[in-house]
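Please go over the structures that come below.
Each of the two complexes below includes chain A, the first together with chain B, the second together with chain C.
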Partner chain A sequence: MIFRRKPKPVATDPFQPVTPRVPRPRDPVAVAPPRENPEKMRLRAERRLKFTAACFVFGFAVVGLKMGAISASEAREPRTGGLAGAGIVSARADITDREGRVLATNVTATALYAQPHLMVDPVAAAEGLARIFPDMKVDTWTRRFTSGSKFYWLKGNISPEQQQAVHDLGEPGLLFGQREMRVYPNGPLASHVLGGARYGAQDVRAAEIKGVAGVEAVFNDYLSDPAREGAPLRLSVDLSVQTAVERVLASGMGLMNAKGAAAILMDAKTGEIVSLASLPDFDPNDRPAPATEGDPGDSPLFNRAVQGVYELGSTFKIFAAAQSLELGLTNAGTMIDTQGPMRQGRHRIRDFHDYGPRLSVTDVIVKSSNVGTARMALDIGAARQKAFLESLGFFAPTPVELTEAPGARPIVPTRWPEISTMTISYGHGLSASPLHLATAYASLLNGGTRVTPTLLARDDAVEPGARVVSPRVSAEARHMLRQVVTRGTASLMEVEGYQVGGKTGTADKPSPTGGYYDDKTITTFAGIFPAQDPEYVIVVSLDEPSIFAAGEERRTAGWTAVPVASEIVRRVAPLLGLRPDFDPRADSFGAYLTQAAASR
Partner chain B sequence: MTEIAHGAVVVLPGEAIVSRWWRTIDKGVLGALVLLFAVGLLLGFAASVPLAERNGLQPFHYVYRQAFFGGLAFVVMLGISMMSPHMVRRLGVIGFFFAAAAVMLLPVLGTDFGKGAVRWYSLGFASVQPSEFLKPVFIVMTAWLMASAAEPNGPPGKSISFAVLVVIVAFLALQPDFGQAMLTIVAWSAVYFVAGAPIAILTGVVACVGLAGVFAYQNSEHFARRIDGFLSPDVDPRTQMGYAIDAIREGGFFGTGVNEGRVKWILPDAHTDFIIAVAAEEYGLLMVLFIVTLFAFISARCLIRLCHERDTFIRLAGTGLTVLLASQAFINLGVAVRLLPAKGMTLPFVSYGGSSLIAMGALTGMLLCFTRTRPQAEIGDHLLSNGYR
Partner chain C sequence: MRSLFYALSVAAVVGLAFWAYGEGYETRQTERAVARLEREIGQRHQELSMLRTEWAYLNRPDRLHELAEMNFESLGLIPLAPDHFALADQVGYPPPAPPEPPQTVMAWGEGAALEEKIGDVIVMTHRYGADAAPRLIAPPTLADDGEQLP
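Our next item is the complex of A and B:
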C-alpha cells in the first residue's frame, strides 16, 4: 500500500488480492522471487532521469541554436533555404587542349523568372508567355501566378530574341537573371575526358556551374576558384589528334561490327595522355541521364578506356618475357619448350596453332605462344610475377585525373596458385583497364622507368620514375615487339616510316553466367612507335568485333584491332610531328642497343 | 513501514486543501505553463486570423475559443493537481479503459473531417481527438504496471504493459496517426528506461534500429530519397518547410512586428503545426528562444524533481508524462527548423486546438500532482552521499 489516506487498508492493486494467498502444497517455492534492492533501483532511476533531462535540455538547446542560425542568415531571392554564406561564383575557367585550343568555355545566358506579386496583370502575362514559349500552358501559369507565391523560375536559358519579346510584354513581374552557361564547342569530342557540367546553386544574379564527371568534376574547385582569375586549365590532350583518333576508331568500330571501342595515345616518356577515346560517346552539352537499366558498361557515359576492366589477353606476354630477361633466367635467344598441351592439374594450356616443340623467347612473343609464356612464368614464380605486375601498376586504380578512375580497380585473383601464374602471364585471370595497359607499356618500353598517366599538360621536364627494368631489357623487349609487327601476328600494323612495335591480345569475354563465350572477344593492340626510341604508346581495344576476312569469320586482334590501330598511327604520327624514317638500318637491333646505351 | 512514513502528502493538522496545495505544488512549472498559455493566446491573435477569415468568422473568433478552452484546461489541471497521487492513479486507470475504448471505436463512430485519417469524434460544437486523452492515461497505466512489477510477488507488469502498448500503437497506426503512435512509443520507452531496462536490451534496440535504418537506406529508394532530401541543405522554397524557414529568417532577432507577418497567410497549418514560424516572423528570435526555454525548463525541472522521488509509481508516471510533453514540443520545434523530417504535431499549450488543450491540461495536472513536494528521506540521501550506509 503506497498512498494511505486512512488507516484502513485499501486494496489498490487488483493483482494482489486482499486475502493472503495460501501456497498450494505441491508448489512450495511460490514465495516472492528476489527483487532488486529498492534503494539501488532508485539510484539507478535517478541516474537515468538525469540522463533523460540532459537529453531534453540538449535537444531544446540545439533547436534554439538552429533557430538562431536561421534568423541570423541572410535572406536571398529566391530563398533557397539553408544555403547561407558566400555568394555564388558563376565564373569558371576554360579548359583547353595542349595547344591552347578551347575544349570547354562559358557563354553569357539569360534566365527568366517571375515575381507574381509584382505583376500588373498575371493573366495577360501568362498569355503573353504562352505566345513566346509554345511549351508554356496559359492555364497552368495563370493559376501559379495567382496562387500567392512570390517566385517562379520560368526558363533557364533564353535567346536574345526571346528576351526582347518578354521585354515587350511590359510586365514588371517578369524579370531576367544573368548567368553563365558551360559550352563544349567541339560537341562529343573528348566527351569522356571533359565529362560535363550542370547548374548547382542558383539565384537570380548568378548560377554556379558544377562539374559532374571527368576533369570538370575532378578540377571543379580549381576551375571555379576566383583566385586563379580565369586562367584556363590546359590538358595534355591534342584536339587534332583526338579528332583523328575518334574518327578512325568510329569507322573502325563500324567496320569491325564492334559494340564498343576504346583508344589511348600516351606520351611514352611523360605519361601525358594525348588522346583518350571511348565509343559510344555522348555530347557533354547535353549529357544523358545515367542508364537505369541494362549493363552500365554499355552506356555511352561509360568510359571504356578508364572505367572498363577487361582481360587483356596476349598483350601481357611481353611482361613475362621482359621479366624473364631482367631476372637473367633467359635471354632473347633461349629456346623454350612449347610442346602443348601443357597440363596443370585439371587445366590444359594450348596454343592457337601448334608451333612445334621449341621456340626462342623472341619467337614465343612473335608467334604468341601461351605454352611458352606459361613456362617462363613458372620459372619466374608467383611472388616475383606479382611484384613485377604491381611495379607496373596493375594492382591499383590508375591515378589519372578523371572521376571514373578511382573506381576502376583491376580485378586480381585473391589467391595466386600456379595456374594463375600461368594464365596471367598470357593475360587471362587478371582484368585491367586499357589505361593500365598503356601505362605499363610506357613504363616497360620507354627505357624502363615508371610513368604516371596524366591528363594535364606538362611543360617542365619530367623526372623519370622508379626503374622497372634495365634499359637493355627494355630495348630487347622493344625489339621483340617490333618483330611481332614485321613477322608476327600484327603484320597489318606496319606503317611505312614509323617503325611500330606492339603486341596483339584476343581474350574471350567472360559470360555473366560463368565461363567464357566462344563467339565474343575483346581484342586489343598495345604498341609503341617508333619502336627503337618510343615517343608514344598506343592502345586500341574493340569490344565484340567480328569481320569476314580472307575466307572466314575473324575475331582475333590481328584482324580487328590491329588494322584500326595502324590507321590511327598512319593519321596521327604526322600530326604529332614525327618524321618518318625510311632507313632500313633503323630496324636493326643495333639501333635499339644504341638507344638503350643513351638512356642509361 | 517506510511507505507509510514517506508515501503520503504531509498533512499539517487543520490545513486547508488549497493552502496545502499551494505549499507543495511546483510553482516554477506552474508559472511556466501559465506563461506558455499566455504566449499561445498572444500568437493566436496573429496566427488564427487567416483561418477565421477563410471560414467567414470574425477575426478573433478562434482566440476567444482558445481562451475559453484554455480556461477549462486550467480548471482541469488545477483540479487534478489537487488530488492525491493515489486518486490520480485510480482515475487514470479507469480513464485509460474509457480512452482506449474510444480510440478503438473510432473506425466505427469517428469522422475524418475530409482529411483522410479517422481521428476525431464530432460533438457538434467541437471535435474531440480521443488519442490526445489516451496518451497521459496510458502512461499512468504503464507506470502502475511497471511499479507493481517491482513489488515483491508483483505481476509481470513490464510484459503486460508492453502488450498494452502494442495494442494501442496498432490502433493508432490504423487511423493512421503515426505521430501519436511514435509519441506513445517514446514515452513508454522512457518509462521502461527509468524503470530499469537492462542495458543489454537498450543497446540491442538501439543497434537494431540503427541497422534497420541503414538497411532501409540501402535497399529502399523511397526511404533513401526522403533521407537525402532531408539531409540536403537545399529546401524547396515552395514547401511548407520552405515557407517556415523563410519566415524564421524574415523575422530575424526582433521580428517584423505585430501583424506584419506573411507566413500565416500562406501556411494552412500556421495556427497549429507551424505556430513557431508565426512567432518567429512576427516576434523574432527572442520570442522563439523564450518558448524553447520554457519547454526546456519544464522538462528538466520535472525530471530533476522526480530524481528524489521514493515511490516507484510516481517516479515512473511523472517521467512518462514529462517525456510525453517534452518530446511533443521538441518534435514540433525540430520540424519547423528542419532538425527532424516533416511530421505534423501541435505545440503543447501554444497551438490552437480545443480538445488538445484540455488533454494537455489533464496531462500537466497529473504531472503537477506527481511533482508536488513530499518528504523523501533526504537525510538518507545525505548520509549515502557521504559514504555512510
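Our next item is the complex of A and C:
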C-alpha cells in the first residue's frame, strides 16, 4: 500500500478554497514612484499631440497643394518617351500609284491672319497687304481692321517670299499660322481619280484637310486615321500609263474635234483600274468651283468615265451574241436572218448598210448588224436578257471607290417590251457609263467571271467572281471581237504584236428637248488585249467627234474612237510589260481554246 | 550601439537623398534630350517629306517629257513601242577582251578616237540604225541658275 497514490482532494464545495500545497510567495509591496508634476505631464502630452497634428496638417497640405496645382495647370499628355511622337508628322497620309510614286502628299504651309486690336497702324497694314497681295482691296481691309473685330483670316497659304514681305511690314497685328497643305505634284494627271482637298476646321496652329471628291473624299477617314501612322494609300493607277493615256487622249480629242473624251484601262482579271482619264480635266491643286450655270456635264469636274451615262451603241451587241451562245440557241456559225428593215409596231430597225439576207453570228458582230442582233435578242427573250445584263452589272451604280460613282445609276427602261429587248441588244435604250462597259467587257471576256472595278492596288490573288458565261463562250466572244478588228468595223485598231479585239459603238446624242441630234454622236470603242490571252480591257469614248477623212465628214466610232484607242494600246502595252507576240498562229482559234481550257 | 545605428541610418538617409536628387536631375535631363531628339526627328521627317514632294514634283511626267524633248539631240529618247522588244540573242555582246598589257591611264576623251574604243560594241539604236555613229551623252546646257528648265 505504500505506492498507493494519495487521492486528489475533490472539492465538493466549489466555494471552499483549496489550500495550495506550496504556499505562494507574498506579492512584493509596490514601491510607489515619485509622482511627477501633473502640470508638466499635461504640457508634454499637449506638445506631442500638437506635433502629431502638425505632421498630419503638413501631409494633407502637401496633398492639397499638389491637387490644386494639377487642377489649375493645363492638362498635358503624359510623355512616355520612346519614339511615340516622332513617327507621325503628317495629319494626312500620302496617296501613291501602284509603283509607289507620289500622287498626293503634304507640305508645310503658312497661313496669314490678323488681330486688328494688336495693330499699330491698321490703315498702313491694309495698304501694305494690298501691295503684297494684288487681290486684296485697301478700302475693304481698312474698314475691317478698324471695325473693332478681333480676328480675321487673310490667306490660307502664302509663299515664303510673301511671308517675308508681310514680316517686313513690321505690323504686330499680322500673324502667321502653321499648317499643312495638300499637294498634287503631277498637276492635272489623274485629277478625276484624286478629286481634291480643302481645309476643314482650322486653327492658327493647325488645319484639318478634308477630301472634296474622288479617292480623297471616299478614303477621308482612312487617310487621316492616326492609327495607320501615315502609311500611304496605294492606288491601282499606274502613273506612267496614266500619263500616256491622257496625252494620247488629249491629242486624239483635239484631232477629232471632240468636246470631251474618256478612257479606261482595266485589268481584265482583277478589275484593278490601271488608268482612268476624263477630258477636259482640271488641276486638283486649284480645284475649280462647281459650275452653277450651263450643263454640269461640260464642267471639267465632270468625270465622263464614271459619271457620264450614255447610250453605248453597238458595243452591246457582243452581249446578245455571247448570251445566245451560252444558252445554246446558236453557235458561232449559225446563220441569222438579217433581211431588213425589221418592223416592230411603229418602229423600224435597219442596218447601216444592207448586209444581204443572212449572216453567221460571227459576221453579225463583225459587220455590226442591228437586225441580226435584234433577232438573236428576240430568241433570248426579255427576262433572260435582263437577267444577263444585270449579272454584268448594268442595273446598279459601279462600286468603284469614287464619290461620283454611287450617283451614276444606269438608265434602264422601267417596262421591258419587245422593242426594248431589240434596241437594247444593239445598245440603244439603255444608258450606262464607260466604266460599266469596261466592267462588263472584263467580266464577259476574261474567261467569264464577274469582276469588281476597284482603284486600290491588290497584292494578294483575287478570288474569281461569280461565273457569267462559260470559258468556252468567253473565248468564242473574244475570237469574234478579234475578227471585228482584223476584218470588220475596227480595222484601224490593229496594233502589231498585240492582238486587240473589240467592238465599236456609235450612238446619236439625245437632245435635251427630246429626240436625237442628227450631227452629234458619242463614239465608243471597247476592247480587250491580247485577245487570245486577255490581260487588259480598254474603253475609249469621244463626245461629239467629227473628222474629215477619206472625202467626207466622219462621225462613226471606226474613224474617231478607234484610231485613238489603237494609239493608246500601242503606247501603253509596252509600258504594262506586255511582250508583243508576232506569231501569226496567235490569231488561230486554237490559241483561244488553250486559254479557255486553262481558265476552266 | 544604439547611437551607431542612429548615425548609420541618418547617413543612409542623407546618402539616399543625394542619390535620389541626382537621379531626378539626370532623368529630367534625359527627358529634355529625348524631347529634343524627337523634335529633331520630326523636323527631319518633315524635311524628308518636303524632299520627297520636291522629287515627285521634279519627276512629274510632264516635265520629264519636256526634258526628253529638249535633250533629244543627245539622248534620243522616244516613247517605248512594241518593236523595241528584242530577244536576248539579238543583243550584240562584245567578244571577250584579250588580256591587255598594263598601260598608263588616260581620260576617256584622249588617245584613240571614240569610235575605235567602243568599236567592238554593236550599238543597237532601233530608230537610227545600227551603223549610226555612237554619240557621247553630254551634260545638257544649264540655265542661269544651274538648273535645266523646265
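The rule we apply is simple: the second predicted complex is superposed on the first by the 467 of 600 C-alpha atoms of A that agree within 3 Å, B and C clash if a C-alpha of one lies under 4 Å from a C-alpha of the other, contacts with A are read in each partner's own complex, and residues count from 1 in each chain.
The rule we apply is simple: a residue touches a chain if its C-beta (ideal position, glycine included) is under 8 Å from a C-beta of that chain, and two chains touch if they have at least 3 such contacts.
Since the model is a prediction, treat every value here as computed from it, not as a measurement.
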Exercise for the section: Examine A:P580 and indicate which partner it touches, taking first as chain B and second as chain C; both and neither are also allowed. Expected result: second
Practice task
Check the residue A:V183 against both partner chains and state whether it touches chain B (first), chain C (second), both, or neither.
Solution key: second
Practice task
Between chain B and chain C, point out the one touching more chain A residues.
Solution key: B
Problem - Which superposed partner A:M41 touches (first chain B, second chain C, both, neither) - result: first
Exercise for the section: Identify the partner contact of A:S491: answer first if only chain B is touched, second if only chain C is, both if each is, neither if none is. Expected result: neither
Practice task
With the two complexes superposed on chain A, say which partner A:S511 touches: chain B (first), chain C (second), both, or neither.
Solution key: neither
Handout entry: Partner chain(s) touched by A:R101 [first = chain B, second = chain C, both, neither]
Key = second
Practice task
Check chain A for residues that touch chain B in one structure and chain C in the other, and list them.
Solution key: 79, 81, 83
Exercise for the section: Flag every residue of chain A that touches chain C in the complex, lowest number first. Expected result: 79, 81, 83, 85-86, 89-90, 101-102, 105-108, 183, 185-187, 189, 239-240, 243-244, 247, 495-498, 570-571, 573-575, 579-580
Completion exercise
Contacts from chain C onto chain A in the complex sit at residues 31, 34-35, 38, 41-42, 45-46, 49-50, 52-53, 55-57, 59-62, 65, 79-85
Exercise for the section: Report the residues of chain A in contact with chain B in the complex, numbered from low to high. Expected result: 1-5, 12-13, 15-16, 31-33, 35-36, 38, 41-42, 44-46, 48-50, 52-53, 56-57, 59-64, 66-68, 70-75, 78-83, 148-149, 151, 201
Fill in the blank from the handout: Contacts from chain B onto chain A in the complex sit at residues 3-4, 7-8, 84-86, 89-90, 148, 150-155, 190, 193-196, 233-238, 241-242, 245-246, 248-253, 265-266, 280, 284-285, 288-289, 292-293, 295-296, 299-300, 303-304, 306-308, 310-313, 315, 319, 323, 326-327, 329-330, 333-334, 337-339
